[in-house]
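The next part holds the structures, each set out as structure tokens.
Two complexes are shown next, each including chain A; its partner changes from chain B in the first to chain C in the second.
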Partner chain A sequence: MNPATHSGRARRIGGLIRKETLQILRDPSAMVIAGILPLLLLFLFGYGVSLDLRQVALCLVVEQPNAETGSLAASFANSRYFTLESGRDRRQCDADLVAGRLKGVVVVAADFAARASRGDAAPIQVIVDGSDPNTAGLVQNYIQGVFGNWLRQQQIASAAPAPAQVSLVPRLWYNPSIESRNFLLPGLVVVIMALIGTLLTALVVAREWERGTMEALMSTPIGIAELLIGKLVPYFVLGMAAMAISVATAVFVFAVPYRGSVAALLLVSSVFLASMLALGLLISTLARNQFVASQIALIGAFLPAFLLSGLIFEISSMPLPIRLLTNLLPARYFVPAMQTLFLVGDVGAVLVPSTLSMAAIAAVLFAATARNTRTRLD
Partner chain B sequence: MATLVELDGVSKRFGATLAIDALSAVVKGGEVTGIVGPDGAGKTTLLRLIDGLLRADAGKITVCGRNAATEAAAIHTVAGYMPQRFGLYEDLTVHENLTLYADLRGVVAAERARAFTRLLGFTKLEPFQKRLAGQLSGGMKQKLGLACTLIRKPELLLLDEPGVGVDPISRRELWAMVYELVDQGIGIVWSTSYLDEAERCGNVIVLNEGKLLYQGTPGALTSRAAGRSFLVTEAGEGRRKLLSHAMTLPEIADGVIQGRGIRLVVAEGEAAPTAASLGVAEEVSVWPVAPRFEDAFVALLGAKATHQSALAGVRHAGERDAIVVAANALTKRYGSFTAADHISFAIKRGEIFGLLGPNGAGKSTTFKMMCGLLRPTSGTTSVAGIDLYRAGSAGRARIGYMAQKFSLYGDLSVRQNLAFFAGVYGLKGERRAAAIARMIATFALTPYLEADSGSLPLGFKQRLALACAIMHEPDVLFLDEPTSGVDPLTRREFWAHINATVERGVTVMVTTHFMDEAEYCDRVALVYRGRVIAEGSPDDLKASVATGETQEPTLEDAFIALVDADESRLAS
Partner chain C sequence: MWQRIAHLIRKELLAVWRDRKSRMVLIGPPLLQLVVFSFAITQEVRNLDIAVLNQDLGVDSRELVARFAASPYFRTVGALRGMAEIGPALDSRDVIAVVQIGSDFSRSLAAGNAAPVQILLDGRRSNAAQIVQGYALTIVDSFNADLSERHGHKPPARSLVARAWFNPNLESLWSTVPSLMVILTMLVGVIVTALSVARERELGTFEQLLVSPLRPIEILIGKTVPALIIGLGEGTAILLAAVLAFRVPFTGSLPLLYAGMVLYLAAVIGVGLFISSLVATQQQAVLGAFTFMAPAMLLSGFATPVENMPDWLQMLTLGDPARFFLVIVKGIFLKDMPASEVAQSLWPMLLIAVATLSGATWFFRRRLQ
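After this line comes the complex of A and B, so read on.
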């Protein structure tokens, strides 16, 4: 390649980057998508969404109160997980359970004291609103926990020999306070990046088609690679800025620990962002219409990043076809990578394969985009 | 001059439609080659094929010695192409747009500075360099688009309908610029559906439905109609009826209303028409006139426009001279900007009244206020005795409205559209069935009843749109640029229907920036910068600007002269 062509190419790319930057600076919607949207989502999820149970409405039915049931009731009342009502008859609570005002009912039968001292298997009855299986499971576990604690205390108090020889003392690593926020927010950064990366680029190429400027660009000596680079560079910078804002907010506002290195974060998120920008360009090239492009970006990038990345729902418990499908999603690799970087540190065994997988997906997407972006209209 | 483009048996198909059909033609340097044809003739496709943006299915295209199918990149370095929507970035300034295209076309350093100075001077955009392209007027955008394509002087310049959406004054300036480029040896291809633009080209390629009808000088085509064009004057009020009758005669090939007269073209070898041959008792005068490109073009299309409209018939009762539509000191302000400034006019029953003016002059604003779609800042409107803004749906049932763009439901069938609009206008039961049947019969819609209206041929879309606007027998009909971009035959047929409704006593108000359409009006008001600067019949307006220099000015000449006069009055 002679130097003249080379400098011509650099100038064309430079011209496009300058043009795109000016458009970003003048277009309030790009700044809103990159600057305001991440903050909005982070605050929404940071404050509003939590997978921990707090203050579950529970009814404790004691059929025949006595000293034992009194101390059990006190155990439930002292727990920070429950707000407690009490009653004398289970039927009183049925209506509230049906209406959803109660998440669960604990029935302490009249013969409770006798059964408890005999060491019966089910001295109390637990009824849980099973319409939301997740919550139901949690409520059940928490009740069992409270009851187990009480039982142990009773045994210590009565100086009876402990029935179990082995006692479990759980120790949680990486997230000792079991704050769901600490793993949700790093994952949420992924969702934000997926949305911004695809939406921004999905809109811009479609806009060129809609406004007829693509036709004019194509009639100049510009090449496909130049056109793509000219589009990618400004939005890459914008996406990384959004990334920095999100990470800073998570760390400094929500006090999520960050244990990895900045270099690793930069590398992994660059690769992820590149794959998302490529997906956006591909969508945009195929849709040629801003409305359709934004819809596809939401369905093709945002929702999978949210639902299929393992952030909210465990991938290993998904049906096989869906599980296989998640392997094609860059977010599926980026979520564990981010959670590892935030909560554990630079763990090569997680980061290296994740990054390589995302790079492979990005490469395929870029190739597909280049194939479909032709300097031709048909 | 050298041949720049050679098309040899070129075909291009999109799905089932053959957009270009075995076309062979040449474009030479140093002249303007017009690609002339109605909407959908294949003009844009042909330009895209020449620029290598589309690949031909068959045939060979050579552009400046290069094969358009394989060497598109090389063609892009020597050819400039301005698409229909200019290819400008509206959120960039004039200067930023130029800079982008200079980067893309590799115009740098001192060469760039020289190019900018030359082009900004050439387009007179020098004072507006910092303005965003989106805030320029249509004409200025067009000039900026042209400047961007000229940043590196091309051998071949392809312009796709540069005259659309540009007022007559800017259009004339654009032509002056193009002629200057021709003098520099550049070959220019200018596509257009306006036949007056075709006459300004050195060479024309006439297309219809993808087929080549003619290639050669416009003069040679026009001369085919030599000695066959006549102007019939003094027909007065009866001219619409006379035209309708004349078109039934075998010796008359074509006819249109032109101001107070009728322009007739006789078939080849026929004698001049006389009062007797036209079957009129009154004294009419028949004058031979110079042929126009349009006369020959219509003959070339081969078919005779149908001037018979089944709408013709019983006249409405009602006094002929009654004022049906009136605007009194109609004013609309948006902040400090006055879009319409004390506009007044009155339209009599059975009259066709035109609001004529460049884009942004205020004619659409006025039109919307008349229809009751926009509240005037001050002033009043009256349509059939009511104020439509306040009258609501009952009052609106007295008017019919046909929008500029095809505004029916494209994915409903013809029958469904008719049924829908009948319902909208409150027609029920037998009246509704009768109205629909009448429209189907009048506009011969039977073959297309079950077809999606979006897929209809242009002429039938026009018919359907008109049918939906008049099926409830309105007293007043509002038409917004009804036939822009339509081929001459379809336009003639459309106006035949309008003329027939007018004969029945319907009052018509039409907005247009299209001079041919204005010729059909009894009276026009010229709107400029929110004010009516001239009013009268098209003939009056023409006569008012006739000088020793231009003895027979066209309506466009009159338009430009009147706007110029207004400009200089404001300046002094």
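After this line comes the complex of A and C, so read on.
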């Protein structure tokens, strides 16, 4: 290669990069999606989206109060998980359960004390709202927990000989205080980068196709590789900047620990961003229409990054075809990688396979884009 | 006047329908999303791998390990050989939990003392980890019950009997599919409206509309009604799929559901129009739509319950139409919610719809003058 063509190439790419950068800086919507939306999402997730139940509205119906049911009611009232409402008649509580004002109803039947003192089975009825299965399961567990504690206290008070028991001592590694933001915020960075990498790129390039300026670019001496590089570099920088802002906000505002190295963060996130940019380019070349491109980008990048990446819903619990499908999604590798970097550190066993998988996906997507761009022009 | 509007509506519907790609985007992806996300969005926890480190040599510990191995909740239950293996097993995400039984486990039990068993969980997946902890607790509880029976203790008389109303087996699908109706109709309603005006602006045909005899309010109606029709069509398709394909029970009143859907769509279309009155290009319209939809989705209670949010954020959710439609959809599908309760969520949506539509009209007029 002689120096003249080399400098020509550098100049061409440089010119493209400058043009794209100016376009980003002049269009406020690009800055909104790269700056404001990530912060909005981070703050919503950091403050609002929480899987930790608080103040579960519970109705305790005691049909015939006495000393024993009084101590049970006190146990529920003292639990920090519940806001308790008590009544004698369960019909009002049932209606509130239908309305969604209550998450659960606990009914102590009139003959509870009599049956218990006789040694007969004395069940306490618990009804939870199954229309939200996850919360229902957690509420059941919490009620079971309060009841179990109460039972143990009663046993100690009655001084009956307690049988030898196995006790389970749980310890949550990496996130001992069970803050859901500690694992949601690292995952949210993934969603934000997917959004910038794919949606923004897909829209920008689709517009060029729509307006015919892409053909104009193609008729210049610029090569396909140069064109792709020139288009992508500014969005790559924008994506990495959004990543840096998000990570900094997570660490400094929300006090999520970061235990990995900066080098690993940069490496893994650039590979992920490259795969997202490649996806955005591919979508825009296939769609060539901003409406279609935006819809495909939402479906192909944003929603999977949110729902199929293991961020909120466990991948291992999904049915087999969907589990296989997730293997094709870069976000599915990046979410555990980010959570590991934040909460554990540089764990090669997680980071190396994730990075390689994302790099492979990115390579396939770039190859497909280059092929498509070329054939489309013929 | 009505005829002019009818023509405009027809033109709008044709514009979406004639373009093969737009047509496919309106039909294919929502159905695909419905299927994929319905099955993917499950908060049940299955097929997880755990490991056991048993340092005890007695019979009791072996029986406890056998119970873990026999549990249907875990896919594999591996055995670790030493404390040094615990860290790498959890760090690499090979297992979500390690159950560790100390060397004096059997001795403590035989002596009538409490015998602790440690369970170490992967906090990167706190939610799943807590559910695994619940499963482990169930296994230990049943082990304890059998143990005390063997030692001649009577089972305790007082017990809890839990039942879930509306969804006895706590099927995730029953809650997810109706929720997706809320999300997907919002997606369609906002995007179709926001983009249709922006596209005309970008192509320059919007000026042609303005010089036509149509008044601004007529143009607005002409943009609102097609989006409403498309949104209702989308919602109906999801409703049919939910009942016929996913077998989600439908217990409530169909007219009430549609009343909710119309108000909900009106509210989100108002937002779409509002966005389109602010933007100049389709790109800005999509990004603007997105800036509204992402928080609206998060605050609706779809992914995590509204009650878990701090109070100031709960106040903010009162402006989110998706929050109210979610209550209606779930209530009508699963709970046979009475009309009086549905109305409690209908009127806030009505207020929001009036606010967004009149706000959009005002902005539109101002931009046109």
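Simple rule for what comes next: the second predicted complex is superposed on the first by the 358 of 378 C-alpha atoms of A that agree within 3 Å, B and C clash if a C-alpha of one lies under 4 Å from a C-alpha of the other, contacts with A are read in each partner's own complex, and residues count from 1 in each chain.
Everything that follows uses one rule, which is that a residue touches a chain if its C-beta (ideal position, glycine included) is under 8 Å from a C-beta of that chain, and two chains touch if they have at least 3 such contacts.
Nothing here was measured: the structure is a model prediction, and the numbers come from that model.
Applying the stated contact rule after C-alpha superposition, one finds that A:Asn149 touches neither chain B nor chain C. For chain A, the partner touching the most residues, choosing from chain B and chain C, is C. Of the two partner chains, chain C is the only one touched by A:Thr340; chain B is not.
Using the contact criterion defined above for the overlaid structures, shared-chain residue A:Asn372 touches neither chain B nor chain C, since it reaches no partner.
In the superposition on chain A, A:Thr135 makes contact with chain C only, not with chain B. Of the two partner chains, chain B is the only one that A:Leu22 touches; chain C does not reach it.
Of the two partner chains placed around the shared chain by superposition, neither chain B nor chain C is touched by A:Gln64. Look at A:Pro123: by the touch rule set out above, it reaches chain C but stays clear of chain B.
Residue overlap on chain A between the chain B contacts of one complex and the chain C contacts of the other covers 27. Per the touch definition, chain A reaches chain B in the complex via residues 8, 11-12, 14-16, 18-19, 22-23, 26-27, 211-213, 215-223, 375-378. Residue ranges of chain B in contact with chain A, taken from their complex: 48, 51-55, 72-73, 76-77, 79-92, 96, 99-106, 108, 145, 148-149. The touching residues of chain C, counted against chain A in their complex, run 19, 21-22, 24-25, 29, 32-33, 36-37, 39-48, 64, 75, 88, 90-94, 108-109, 111-131, 133-134, 136-137, 140, 143-144, 147-148, 151, 153-154, 156-168, 170-172, 174-175, 187, 191, 195, 199, 279, 281-284, 286-288, 290-291, 294-295, 298-299, 303-305, 307-310, 313, 327, 330-331, 334-338, 341, 344.
Note for the complex: chain A touches chain C at residues 27-30, 32-33, 36-37, 40-41, 44-45, 47-57, 97-100, 103, 112, 115-116, 119-137, 140-141, 143-144, 147, 151, 154, 163-176, 178-180, 182-183, 195, 199-200, 203-204, 207, 287, 289-292, 294-296, 298-299, 303, 307-308, 310, 312-314, 316-319, 322, 325, 336, 339-340, 343-344, 347, 349-350.
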